[in-house]
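Take a look at the structures listed below.
Okay, so subunit A shows up in both of these, paired with subunit B first and subunit C after.
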Partner chain A sequence: MFLENYGFLIVAIVQQALLGMSLWYPLMAGQLSLASIGFYSLGGYIAAIMGTSPAFAAWREALGPALYPVEWLIALAASALLGLAVGIPALRLRGIYLALATIAFVQVLNVVVLVLDVTGGAVGLFGIPQPFESRLGYLWFFGPLLAVMLIFSARLTRTVAGRSFMAIREDELAAQAMGIPTTFEKVRAFVIGCGLAGVVGAMSAPFLNTWNARQSSFDASVACLAYVLIGGARSVWGPLLGAALLVALPEVLRPLKDARLIMNGIVLVVACIYLPQGIAGLLASLRRREAA
Partner chain B sequence: MSETILQLDGVSRSFGGLMAVGDVSFSVQAGEIFGLIGPNGAGKTTLFNLVSGITPVSAGRIGFLGRDILGLAPHKVAGMGMARTFQNIRLFAGMSVLDNVRAPMQAFSRTGFFSDLLGLPASRAQEAQIMATAMDLLNLVGLGAKARAAASSLPYGERRRLEIARALALRPKLLLLDEPAAGLNLAEKAELSDFIRDLRSRFDLTVLIIEHHVPLVMGLCDRLAVLNFGRLICQGRPEEVRCDKSVIDAYLGDSHAAPRT
Partner chain C sequence: MNIVFLLQSFINGLSIGSVYAIFALGYTLVFSILGIINFAHGAVFTIGAYCTYALAVGDFGLNGLLAGMSLPFRLPFPLALLGGSLLAGGIGVLVERLAFRPLRAKGADPLLALVSSLGVALILVNCLQFLVGAEIYAFPSGIFGSLPMAMVFKMDGKVLAVRTVQIIILVVSLAMLLALAWFMNRTRMGKALQATAENPETASLLGINVDRYILSTFFISGALGGLSGTLIGASFGLAGPYFGVSYGLKGLAVIVLGGLGSIPGAVLGGLVIGLGEAFLPPDYSSMKEAVAFVMLFVILLARPQGLLGRQTIQKV
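On to the complex of A and B.
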């Protein structure tokens, strides 16, 4: 019963956590990007078009349920390529300018999507075939992806590339002076995030049933960033913790009616002031205190 | 006849109208410990930034290991075998002591990104190698026991040593040290000379060092160059520099001058 009622919420937490993770990788290399939501949108359109367009009827016929993994792979490839094209010029910018450039990229993408026929214009695409009857079923999509990405993140921090990312985050100039090709590594971290966002988009199109330009709103970008910052940008678990709190909070606070939006804001402000390393940082310091 | 490691020809750099470094030429030979001294604001650190490619030169040429390195990205210069420390210590503060030393070793990585992620045998062997080298370097600077601590938790003197260990991880041929004795106590300063000489012989290094502590410089360096207002006013062996009239006027003052006979 509980799982049926809260199925949507659980899947939404996992899905949003994955979107948060797509910002976590560039942040690991010290780059504040808000582009993820654009690649999420791109991946979603790829899945929506392949799921509804008559041009792909033969594919759907031939592949059956295997169409979904094919959509993910195409979304992954397309997002990574577009990420490379956007990342190489954009990552010459630093700090807030990179954030602005990535916001601008998402806005451009949104306008393109609104004027094209293939994306259904302002109405978007709807009636996207759904592989599962219940919302909870989508955990078969997002759950394994989350597990894979958590392992990926944990492994990454112990690899040559991961150490280069962190060195750039800590001190870009010193990293350069220590022989680390900073532009290359920043683009690599950015493209990892773009690829992930694309796959999450491709999985989300059937989950949400419809896809339109509202998927990539500025609000959604900021929400993804909030998951990482509230959860903890330096912990592998940060995006998941942040998404769990921020996605569940409005549901938990439903009895408060409109006042819950105020509560949401208060949580953000309090977390920013008192939890500079996020929830993950708080848990780590509590554990250290217990050990001492 | 020794090999020239670093060659500067008429190197200049201006910031707006201010000439920070003007027409500086000198060369550093293999195996030398070469000192760069001068009053505050003389352009010593700017010269380091020019040599390591962090700041572009306005005019002149810089050769490293016989190759013109002007316009080369800093990470490429570093990859050729030039490592440095910073006057105001720039560690990767949020990373562990161990990871500070491991990070530069990416330059020698022979395994791919996905091989590393999956922990394939080649990557595991390489990680073991990186780990062993990093621990050797940390033990050398006396930080082996603190490998897992955060770099930001180290006291000042240990941070200086960690920064040197991090630079050595690049297996440099030329090591640039920017005021390595700054902030160290007298005992630490005394150890530093022996330590730098030991490094030179152990790693077959050439050292270019900026230092203010005159006894240390005079005792340690094979040759010195003296900068004042961005210009090279004198270069030579310590005993020559110490007697030079312009150096005494600009920098040393009478007390450090050699007794005249």
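On to the complex of A and C.
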């Protein structure tokens, strides 16, 4: 009963947590990106086109359910390549440029998908085949991906690449002086996130059954960033905690109707001021206090 | 290509570009003093437009908390424009108090200030939606008194139309730019602002009350935002509480194009993007919204410090 009513919510939390996580990697290298939603949209369009377009009928025939992993791989490759194209010019520079370049990327992408025929213009694409009967079934898509990414993130903090990311976050000049190729590492952190967002998009198109330009609004970009920062950008659990709170909050606040979007803003501001390390940081400091 | 098309595009581009310029100056002023981009600027732009609308027209629509209400007075457009801009300046001050000051007091990561300003933008826009609903408002046609809607010229058998609102936009924007240039370079307060932007610590040692000047910067920035919101609203209507978001993002492209923190750069960037949009061939008009952002990418590749920006040297 619980699972039936809240299946959609649970899957949405995991899906949004993964999108938040795609911003977690660049943040690990101290770079603020708002691109996730763009690559999510791109991945979704790839899956939607491959799932509905007559041009891919033969593929669907031949591959059957194996079509889905193929979509994920194509979305991964496309997002990573495009991520390189966006990331390299912006990440040669220090400071806020990645945030600005990624905003620009999402805006250009939105104009392009509205103009193209293959993306269905303003109407979007409908009737994307769904592999699962119930909403909860999509946990088979998102759940393992989340598990893999959590393990990957936890391992990453102990590798040379992860350590380099963190060194750049703490002090980019010092990291460079230590011989870390800062531009390369920043691009690497960014592209990991882009690829992940693309795969999440490709998984989400069947989940939502329809795909259009509204998937990549500026508000959605901000929401992804909010998951990480409110959950805690310095903990692997941050994006999951943040997404759980912020996706569930509107459900809990349903009686407030229109005013609940105001609440989202208030949560964002209050968290920035009082929880600079996010929920994960708060939990860690509570645990330290208990131990002491 | 003919001379009439060129002239028409030039007038359209100059008019819209000058609004982009004064809007982007609001970002630039805050950036030059705090080194942070105020993401609530687009929301202030929207609120300014709605404030002017309320003062000049006075009737609210069918949705939201204020549905069916009307103000007991109507101001003529110039006074309403002034009032709306001042109110937007007040909102700018509110943004500083809510999103920036608490974080500055704690010496927090500048990234957090960016996010908290996004949060304040979310609060402002949704409060506005709560009050006036999501419907479209438009200034009535008689808003400029007895002025005609447009002037029509005939050249070589082709028609060149200049809307009155375009001329008003151009005149108000240019006046605002001149006033700002005078204020920044010729007044004590402007000089103090420049000193604070150059180095807040030194400025405070010289007896400049830095917090007060940051507050005045936000007031001026908010007023510029509100003014440009009104001008755009008078030209294209108020398409719901979210109509400032896309202009807010376009303003970011303007300041990067001109050079982050450069005042002449913001003006040049605004004009370049306005003219770029206007000169887009009619066949590609559906791509108009992408022009500013494509230019942003090109400048990042070719000249990252922007057209008029100073190349910064990193010191340890």
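Here is the rule we use: the second predicted complex is superposed on the first by the 291 of 292 C-alpha atoms of A that agree within 3 Å, B and C clash if a C-alpha of one lies under 4 Å from a C-alpha of the other, contacts with A are read in each partner's own complex, and residues count from 1 in each chain.
Please note the rule applied: a residue touches a chain if its C-beta (ideal position, glycine included) is under 8 Å from a C-beta of that chain, and two chains touch if they have at least 3 such contacts.
Everything numeric here is computed off the predicted structure, so don't read it as measured data.
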First (subunit B), second (subunit C), both or neither touched by A:A58: neither
Subunit B versus subunit C as contact partner of A:R234, first or second or both or neither: first
Per-residue touch tally on subunit A - higher for subunit B or for subunit C: C
Which superposed partner A:A291 touches (first subunit B, second subunit C, both, neither): neither
Partner chain in contact with A:L173 - subunit B first, subunit C second, else both or neither: both
Touched partner set for A:A90, first subunit B, second subunit C, both or neither: second
First, second, both or neither for A:V108, with subunit B first and subunit C second: second
Contacts of A:G265 with subunit B and subunit C, given as first, second, both or neither: second
First, second, both or neither for A:T159, with subunit B first and subunit C second: first
Intersection of subunit A interface sets (partners subunit B, subunit C): 173-174
Contact set on subunit A toward subunit C in their complex: 32, 89-90, 92-94, 96-97, 99-101, 103-105, 107-108, 110-112, 114-115, 173-174, 218-219, 222, 225-226, 229, 258-259, 261-262, 264-269, 272-273, 276
Interface residues, subunit C side, partner subunit A - complex: 37, 98-99, 102-103, 106, 108-109, 111-116, 118-124, 126-127, 129-130, 245-246, 249, 252-253, 256, 260, 286-287, 289-290, 292-294, 296-297, 300-301, 304, 314, 316
Subunit A residues touching subunit B - in the complex, by the definition given at the top: 152, 155-156, 158-161, 163-164, 166-167, 169-171, 173-182, 188, 234
Residues on subunit B engaged by subunit A in the complex (per definition of touch): 52, 54, 73-75, 78-79, 83-84, 86, 90-95, 99, 102-107, 109, 111, 113, 116-119, 123, 126-127, 130, 166-167, 169-170
